[in-house]
Amino acid sequence: MNSEEHIIAPVESAAADEDIIIVRDLNKWFGQFHVLKSLNLNVKKGERIVICGPSGSGKSTFIRCINHLEAHQRGEIIVDGVVLNEDLKNIEAIRREVGMVFQHFNLFPHLSVLENCLLAPIWVRKTPRKEAIEIAMEYLERVKIPEQAHKYPGQLSGGQQQRVAIARSLCMKPKIMLFDEPTSALDPEMIKEVLDVMIELAGSGMTMLCVTHEMGFAKTVADRVIFMDGGECVEEGPPQSFFNNPQQPRTREFLDQILQH
Amino acid sequence: MAVHQPLPDLPPPPSERGLWGWFRQNLFSTWYNSIASLVVGYLLIIWLGPVINWALISAVWTGEGTDDCRPGAACWIFIQQRLGFFLYGFYPAELRWRPNIVFVLFLITVVPQFFPRAPGRKWLALFGITGLPVLGFVLINGGFFGLDPVATSRWGGLMLTLILAYVGIIAALPIGVVLALGRRSEMPVIRGICVTFIEFWRAVPLITILFMASVMLPLFLPQGVSFDKLLRALIGITLFQSAYMAEVVRGGLQAIPKGQYEAAQALGFGYWRSMRLIILPQALKIVIPGIANTVISLFKDTTLVLIIGLFDLLGAVRSTLSDPAWRSVAAEGYLFVALCFWIFCFGMSRYSHNLEKKLDTGHKT
Amino acid sequence: MNSDPSLPPKSSVKPWNDPRVRSAVFQILAILAVAWVGYSLFQNTLTNMASRGISTGFGFLDSSAGFGIVMSLIEYNESMSYGRTFFVGLANTLLVSGLGIIFATIVGFIVGVLRLSNNWLIARLALAYIEIFRNIPLLLQIFFWYFAVLGTLPSPRQSVSIGEVAFLNLRGIVLPKPIFEAGSGAVGIVLIIAIIISLAIARWAKRRQAATGQFFPVLPVSAALILGAPIIAYFALGSPIGWDVPALSGFNFRGGITVIPELGALLLALTLYTASFIAEIVRSGIISVSRGQTEAAAALGLPPRRVLRLVIVPQALRVIIPPLTSQYLNLTKNSSLATAIGYPDLVNVFMGTTLNQTGQAVEIVAITMAVYLTISLSISMLMNIYNRAVALKER
């Protein structure tokens, strides 16, 4: 059925050679405030990237630009061969292929868990309802809460809600998943259940961009870690060298602060 | 160390218990509270007694006319004598089965809306905003399918009050939703038009709008087109009400967190679909109490149509009271209408209040 | 937007998919639609008026009105112009609105506070008042007071006397009227001086409190000063303010001020109706200050009186004032119901009689609406400024 998502594709394989996300000279301003300063990033298919940095560094804004929740003013974003510009059809095409998980889950409180997962496949992908239900149940199974399908989001714990949010995005069969601090709003005991789902997803070969402070997660699954500060990409590299041997003093300072405890 | 033994629960001291405890806490907690309770209680008893006696115990309920009434007692005879007029206005008595059918359909449509678990509620609601007004017009107005036509000038009484309120709400809600969306639009021209429209109707009194509808609307229309008085009043009421409705709906839209809009966008929904499927269902649910309050004020405002010469419930009673035969029962007449309106408005406000409480607890996550 | 040649051209944006193009087109269409509606209404109106022989323009404002008005705050007689009738009506509207606002605020605040009384009986009575008056149409209440209560009062000869100085009868309420004789100005001046001294005391006390920490009983001292000084001056100058007490002569009263029953009924209904809403606003405003605030202030050792003044009232007012203003606006708009009982307000005089006599509906309705629009918009502008000021303080 959806075989290409279940194969664990090693990043270095020839098939994955092409870049699925290309960001060139990305600049964004909020009024006078220069939030993103000339960012460049190429992401290969199946690559897993963790973006970290202090709050206000522009990391959330950056990944929100990739599915055009924020419009950029200069530079270029190409996602899966589609140029992201003001063209509504392009934006819709990209959003169909890019799933997003938010810090505050943003589940639709008036719909049950299952209906949350059905809404977009039915109305955006135009999947027949029966097929959409099958897919939804499959993903709810994968995030380990099929038994909650008929409850409403308000009746679930934060961790469960976030797992539903992940399942909801996956139901659109995206090629890329964006995670915007998915564990920051959770109680400590619920972080693990969400990270487990994300690790499993990473194992399945999904292209992932995660903004997170979970350094353990970064060490386990990331192919590359990017450190942003003041709207710039300060340092990037594979997790081993990034954590063990950071090149920039700013990166060291940041890592010292968050790894102290 | 001794093992801890939990203490048994003891009953509260006598001052906190029973009827006496309640009295102590609520009426006689301090010396000035005691004095206030006694004075107010005394005044209430000496005042309420005669009022109840006047209105209920020694009141005259049935009879032929004011001659059967006693001084010092309420005279409710006019209700029995003029009930048909109060309910239907000048609507011909032999045709009153037609509005009765519409009224029954109205109850079937509206009552289930107050019970969230009622089956087929959504379909009834759909019927209520589409089929019922059309069917109601066909039946009450006549002129179709061999039904005798009844001119709108003969409609009146409670029937007219309900028609004005119901049509006003049904027409104002969709317009209000569109205006609210327009007011939150990113397009400055659309926003400007909606803001101007909303603020204009909200700034002027309903009376001036009804005056405008009755004297100016005929001038606005192309020659040869004319609306009857009832339709003009309905247009005025709808314009007025839609502006208030828009503000209620806007409140609901503002209460929806930004994340909901973003999640809808991220899933690939366009503007209209995300509004229809995600934002409006939530926003409208939040504002049901607000809508109920709007319904209450509209219901009260329908009385103003008597100023432009329509006979709603208040108008019917007023015209009865201007009849020399019934002139002496003015107080009873107005109290009767007041009670009719009060029952509806109070019931509605209780409903909206309870709903508000429920939403308050239900939406916390 | 982007001119860097190394990047692929932006031409891939199809104009019909570009949100900016779409929104521009949509907005232009909206402007055209509004303009078209406006134009056709205008054209229709012109043709209709021409075919009915209705004159246009504002020239009618200068011609003589020729009808009398029961009550006028400004000088008016039948020979004056239609323009004058506008101002007579406006003044009456402002009078009833202003008085209504004052009375409704007083009653509303009292009932709102009583509603929170820990005396069950009083709280319930306040609740009953609120629920009764706000759930009955205002027009009905006006009729009730006018026809069923004031309409049943006796004729002037059998007036209900209140302490032999004020009288209630079918023609209204007759009150004594103050007459200012020589020397009454001095009493006024003494009053003003007393107020100025009180303000000075308040400033001095505040400064002293800031410097030394000691309190000075400003409120009782100022109250004594403002009330006492003019009274002493009044008697010292030999009672220069007299009262013109109304007296029955023939079939009516002479002297005093007569409040016409229309004004009385309207004022009573507007006050009681609006006060029931204000009471709810006051109650929820006070409740909205969380219990934690009271507890925190009490835990700091502030006495209850100061908790109220320093912690509760400032926070409650912030919640109360915006809806209170909208109630004031409602009251002003509702005063237009005057026309139903014939109180000569703006709608009754200008939109009623003047419109009927001149037939110039468009101009008169437009002027009347413009008046209410001006009142409403200026008050909401003030409200926005207030809200902005309050919101800034929150940061």
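Each chain gets a letter, A, B and C, in the order it is written, and its residues are counted from 1.
Just so we're on the same page, contacts are C-beta pairs under 8 Å (C-beta built on N, C-alpha and C of every residue); 3 or more make two chains touch, one makes a residue touch a chain.
Since the structure is predicted, the reported quantities are computational estimates derived from the model, not experimental observations.
With centres taken as mean C-alpha coordinates, the chain found closest to the middle of all protein C-alpha atoms is B.
For chain C, the chain whose average C-alpha position is most distant is A. The interface with the greater count of contacting C-beta pairs, when B-C is set against A-B, is B-C.
Chain A and chain C have Cα centroids separated by 56 Å.
A separation of 25 Å divides the Cα centre of chain B from that of chain C.
Here the spacing of chain A and chain B, counted between their Cα centres, is 49 Å.
Residue positions of chain A with contacts to 2 or more other chains are 88. Those residues of chain A lying in contact with chain C across their complex are 24-25, 73-76, 83, 85-90. Of all the residues in chain C, the ones that touch chain A in their complex are 1-2, 4, 7-8, 10, 12-14, 17-20, 22.
Within the complex formed with chain B, the chain C residues making contact are 23, 26-27, 30-31, 34, 40-41, 44-45, 47-49, 51, 118-122, 125, 131-132, 134-141, 143-144, 147-149, 151-152, 333-334, 336-337, 339-340, 347, 351, 355, 361-362, 365, 368-369, 372-373, 375-377, 380. Of all residues in chain A, only 67, 69, 88, 92, 95-96, 98-100, 102, 104-110, 119-120, 123-124, 153-154, 168-169, 172 touch chain B in the complex they form.
By the touch criterion given at the top, residues 26-27, 29, 33, 36-37, 40-41, 44, 186-190, 193, 199-200, 202-208, 211-212, 215-216, 218-223, 296, 300-301, 303-304, 306-307, 314, 318, 321, 330-331, 333-335, 337-338, 341-342, 345-346, 349 of chain B touch chain C in their complex.
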